[in-house]
Amino acid sequence: MEESRPLDALNAARNKTVMVELKNGTSYVGKLRAFDIHINIVLEDAEERQNGEVKRKIGTVFVRGDTITIISPGVN
Amino acid sequence: MEESRPLDALNAARNKTVMVELKNGTSYVGKLRAFDIHINIVLEDAEERQNGEVKRKIGTVFVRGDTITIISPGVN
Amino acid sequence: MEESRPLDALNAARNKTVMVELKNGTSYVGKLRAFDIHINIVLEDAEERQNGEVKRKIGTVFVRGDTITIISPGVN
Amino acid sequence: MEESRPLDALNAARNKTVMVELKNGTSYVGKLRAFDIHINIVLEDAEERQNGEVKRKIGTVFVRGDTITIISPGVN
Amino acid sequence: MEESRPLDALNAARNKTVMVELKNGTSYVGKLRAFDIHINIVLEDAEERQNGEVKRKIGTVFVRGDTITIISPGVN
Amino acid sequence: MEESRPLDALNAARNKTVMVELKNGTSYVGKLRAFDIHINIVLEDAEERQNGEVKRKIGTVFVRGDTITIISPGVN
Amino acid sequence: MEESRPLDALNAARNKTVMVELKNGTSYVGKLRAFDIHINIVLEDAEERQNGEVKRKIGTVFVRGDTITIISPGVN
């Protein structure tokens, strides 16, 4: 069995809905449009959430990698 | 379909109005004039906002990349 | 005796259940699916825990390395 | 049209008055004498300000880049 | 006399009991099994301690280097 | 006119009295004896100050660059 | 006169008693046994101090460079 790398998981989630959580507690849920090795992320049709509650529709959003804690494709 | 990279989203927003949010909660809304791979940003005709409220007109502003959390072209 | 390196311990834990603790106090328990030299981690079938209590089932989760304090294969 | 880079904005502000804001909330207003790619900055005839109020005249000051949030040539 | 380097001290402690303290105040005491130049550490038979008190037996633990303040072979 | 770089300002201050301020609010005033590109600094005959008040005479002191906010040759 | 570099000051302090202060306020006083370019430090016969008061004898201690604010050979 071939060993997978962490970016493979992001690649598999491309164009799917993911949740991105930041160190400051804010999270963004949107379609994963792009990422790079710094884990900079672009989401489309994104919502900003605080404590699980939608704060605003934010459309396209670029999230700087070093502010991210987790990315999960399994959460809506 | 060609895979996009995060900086493509910034490039598409060049000379358009974007919102840049900082780790300290301050945000800047202005015309995206320049950016680099460190996500250092230059905005023109920028406003500084705190809690969604305009604090001051700041004109041209250089924002150091490592202080940024998100950049969104979809917010005015 | 051959000297082991830290990533050997992670390699030995591949496809086994591990606990990943973050700087913000949250921990994730799941099957270690992938890691890299930045200690970026992908867990599958993961649970998010706060103060030892399960907060939510999160499925697959990518954890950014620089937010991690410890990884332990010995905790369920 | 040629694309500009963030450091071009700093270069255009050389020998002009700029405001430099730090992560700790302090700001310095002075003549931009030098900068480098780390955004280390040297100001001359600088004033230190806290909450918009002048705290002290500090003359020449070297500001370490990683402590800076924004630099604005448009503020006095 | 030949000048020693910091990693020599860690090498001398290999397979011996060491205390590793983290920036968040937690410490781990266990047998030093592996380390690298980032000061990523693997301990075996480790205990987690808070304020000098054992919180839990944690077995094998990988500690990410950038979260560490000190490592001491002289403490049990 | 030749463009100056930030380290030129430190070089001009060599063997003169400078103030070094840290992210934690402490400052050191002493004779600038050495510096490098990381802005690691060595002061001689240094005093440690908190809120403008001398806390202790500390003689020679090595200050790690990443803890520094500003260095000013114009303050005694 | 030849220009000195910051590490020269550490080299001159080798095998002498130094004080190492950390970002978290703890300090260690001991014999400087080793250091490297990351300012990782090894002290021997070290004491841990908090607010100037000895908390414990800690013997040999490896201090990770990025947690250090200052190192002073002039303090006992």
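Brief remarks follow.
Letters A, B, C, D, E, F and G mark the chains as written, and numbering starts fresh at 1 in each.
The rule is simple: a residue touches a chain if its C-beta (ideal position, glycine included) is under 8 Å from a C-beta of that chain, and two chains touch if they have at least 3 such contacts.
What you see is a predicted model, and the numbers here were worked out from it, not measured in a lab.
Contact with both chain B and chain E is made by no chain of the assembly. Chain A maps onto chain G through a rotation of 155 degrees [Cα fit, steps of 5, range 0 to 180]. Inter-chain centre distance (chain B to chain C, centres taken as mean C-alpha positions): 33 Å. Centre to centre, using the average C-alpha position, chain E and chain G are separated by 19 Å.
Centre-to-centre separation between chain B and chain G, using Cα means, comes to 42 Å.
Taken residue by residue, chain B touches two or more other chains at 23, 66, whereas all remaining positions touch fewer. Around the ring, the chains sit in the order B, D, F, G, E, C, A, counting from chain B and moving first to chain D. Chain E meets chain C in the complex at residues 14, 22-24, 26, 28, 33-36, 40-42, 56, 58-64, 66-67.
Of all the residues in chain G, the ones that touch chain F in their complex are 3-10, 23, 39, 65-66, 68-75.
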